[in-house]
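Chain lettering (A, B, C and D) follows the sequence in which the chains are written, and residue indices restart at 1 in each chain.
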């Protein structure tokens, strides 16, 4: 009887319809690379635990062109993850106060980049020369 | 209108429930001047081209929250979006996404209203004061904790931006959670524990995957994504601390 | 009243994983997957003795566990949620078991290995 | 047609309607309250109020001062007993708003802060940044959710009041989403439908502010009082009419003409000082400031702008930080709508129609002459604004009298009995048919927009800041013509669901009736007082003949009948209304006289 007939629009294919959504899906997809890489590390650990020969085989496997290609892409994904992670972190943390004023979001994000950069350098230093 | 007015093409997704099975696009040519808003564009259509076109509006100054629509795919307030920004391209208008269309640019927002009612959006004091006792004290800093989150105009742009709301209509959603957070953070209120139950649910903060677009489109800089995601932390504390300190951490 | 979600358990692991990934993974991938295999740096960096030595100490064990397990949780959680984004709404329990199960396995196995090493 | 039963029906979900609904719900009678609004309550135009709400707060302030400011500000056309009640209850109502959660700005010690406002002797305006109305409305709306007795009818459009047995006994409404018409039967009806400044072209009001309740009561024979007093706000955005709150000046903004000169000193508001000084210069009352801008224009000292002759609102000296903190919305409006940065550029402004001082005649307890019918808020004339409202008195009025209306309606409903439902339904059916007929028979050729635009333009010409008989007569004639043309209006949309064209047509009918009441009231008042200023030989206030309220009575055949009623004077005899230095002198004189009277 009612003259109402609300029309509900389908959601199919929504993630392609807005560049923001595309970036969101990209961000979420980095998880696939993160997962695979973690498994690769896990395999490495398994090899490591079974002795030197096994470990060296793992190292050799890492040299295959496919593996290198994967790692190049995975590194891109990891960097993209990091960038997006730092940019949303201020939404998760309670507001940062300094001298009774809220620290602007841009400053927090920049601070995190700097902090992460330092961690990267330290880590790299430890791995290469530590 | 003077003769040197420019003409812009405005395409509107029409839907008339009594006649149409599904929405369709209709195009209009609208003369405009540089200071005219998209809202003024659709008003022109209604006044002079097609009187049956329906949309909501009132204040024209971005405060009543009624004139939101998808403008070239982006949820915006039509009263503070200007035609010149799109010229010489065309503009496509559509009712806010993720809501059922009632007619043309009008959405059904009863779902949101129900959610708003469900979160107890009013002060529940620990000990009520009488009027003779005067106002509660609240320092500027305490006010600052709620100021941003209490400036939501219920315009629904954030819901139209949030794919999770589109996918899971039960999700409480950005504006309702923000309002809930606003009352929880108010130093005059003492009902945080009650409201936390809503947040802790699957349909509460856990419906959000931090797409973040809600905050991008918010015309009032409310930052609903922050209100939601800070409560993921609160809800998690509540989850683990309830064993230690019953009734949730704080 | 609405039912409390158990999401905080996986969300905390996801969050911790995200932090670990963001702060270490670009460097780790670069060293293990690019620099060493391509010979940009000395192969000694990943020599067996060095790694075995690392896995010997408590700090090293913890480090290895953290960089393997937490990223797995982060990844599992995201992928699980993405299913819904792509319109896969059925079989939630099944997928939960698969993804979080994998992450759990990816935690227990290295734990077991490291303790044994 | 469906009949819905309630004890009280309130039409209007703005500040006044919501406050009334809460009062009724708290009245302890357990009565059910139907709250009808044509938009979701938080969209009501109260949302747009910016500056603040006045109540005596500081120790050096006094109820007497607020009373004097209001009565003198209203050029002695106020009901003084009602003003006394008003100022006495203002503060407790704002405290009540605070208890309900309104985020008022605070001082460092946590107490509520106040700001200066035009025409007020002492700072007493409570504010929530420059979104006071927004915060009050959302607070009221959200608080109303607490009361299960309040049943909301959101997006229901009221088309008539059902009167039977000489009493208001309900309303007929359209459910907008479906086009269904229902009868809400109730023993008391409260109108809280807001103002009517949409009868003017350049105005600060939202599209929904179309004088509906005024027209409804008027058509039922209730008088519209003092309708000639329409407030022009001096600082509006050229073209759109959007408001730049008086708080811009309260915070220290200047008004300057094309020479950069603070021209208000030439109009009895000086001398100027750098810091804002209450009742001086930019803090003069709205009527005086708007009139000064008009004179500047005549002298050619305004600035050319695509949308007319403007002056500048200059806030550059206040600095970005203060502007962002105290006037964030103003900042945003200037940036987004005009593309300018108020911290570095002055804002072009001109006066726009803003507030309807007059309205449905009520007594001091919001009762109209029709038993069972109450009116409150901007749609009502309860008697506190007189010939010119002071900024920040209106938001308080919503609370103080909203509460009174809720209490009164509730106690009336307790004693009243409804006539038989069948009789009432019969009446409601007739209304329903008439309203449906409007859309079904509307196959004429008159365009809604044309009539509306011609009306607004003609009102601006005839009933603007300055008025004279020939032009007002032209406006009256024009309105008569438009009312004729309205009969052959065209409505293209014949559908039921969300037929907004139909609603626009009904609103246009309301606007035309109200416009006519304004114009006819204006032409008959042969004096100048407050916002009603004439240039045709009636430049002075004439207490001898016109210290009285205008009552416009509806006449379905033509222009309204105009009658007059007495003004209630309790303690303030009409005096010289002056501001600036002259104002201080006048006040000293008054005090001396009073003191002398005391001594005797």
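The rule is short, and it goes like this: a residue touches a chain if its C-beta (ideal position, glycine included) is under 8 Å from a C-beta of that chain, and two chains touch if they have at least 3 such contacts.
Fair warning: this is a prediction, and the values are worked out from it, not measured in the lab.
Between A-B and B-C, which chain pair shares more contacting C-beta pairs?
Top pair by contacting C-beta pairs is A-B.
Most central chain by CA mean?
It is chain B that sits nearest the middle.
Can you work out the whole-Å distance between the CA centroids of chain A and chain B?
About 30 Å, centre to centre.
Which whole number of Å gives the spacing of the CA centres of chain C and chain D?
64
Could you please state the distance in Å, as a whole number, between where the Cα atoms of chain B are centred and where those of chain C are centred?
37
Suppose each chain is reduced to the average of its Cα coordinates; what separation in Å results between chain A and chain C?
Centres of chain A and chain C (C-alpha means) sit 12 Å apart.
Give me the residues of chain C that touch two or more other chains.
In chain C, residues 81, 85, 87 touch at least two other chains, as defined above.
Where in chain D do residues touch two or more other chains at once?
Within chain D, residues 177, 495-497 contact more than one other chain.
Got the chain B residues that touch at least 2 other chains?
Where chain B meets two or more other chains at a single residue, that happens at 17-18, 102, 108, 163, 167, 209, 232.
Contact residues on chain A for chain D in the complex?
2-5
Note which residues of chain B are touching chain D in the complex, please.
On the chain B side, the touching residues are 16-19, 35, 46-48, 50-52, 54-66, 80, 102-104, 106, 108-109, 113, 116-117, 120-123, 125, 128-129, 131, 134-140, 142-143, 146-147, 150-151, 153-154, 179, 183, 186, 188-189.
So in the complex, which bits of chain D are touching chain B?
39-40, 42-45, 47-48, 92, 95-96, 98-101, 103-112, 129, 131, 134-135, 138, 142-143, 145-146, 154, 177, 206-208, 239-240, 242-243, 306, 329, 332-333, 336-338, 447-449, 490-493, 495-501
Can you name the residues of chain B that touch chain A in the complex?
15, 17-18, 22-23, 73-74, 97-98, 100-102, 108, 141, 144, 161, 163, 166-167, 209-213, 215-216, 223, 225-226, 228-230, 232-233
Spell out the part of chain D that touches chain A in their complex, as residue ranges.
Chain D residues touching chain A: 177-180, 495-497.
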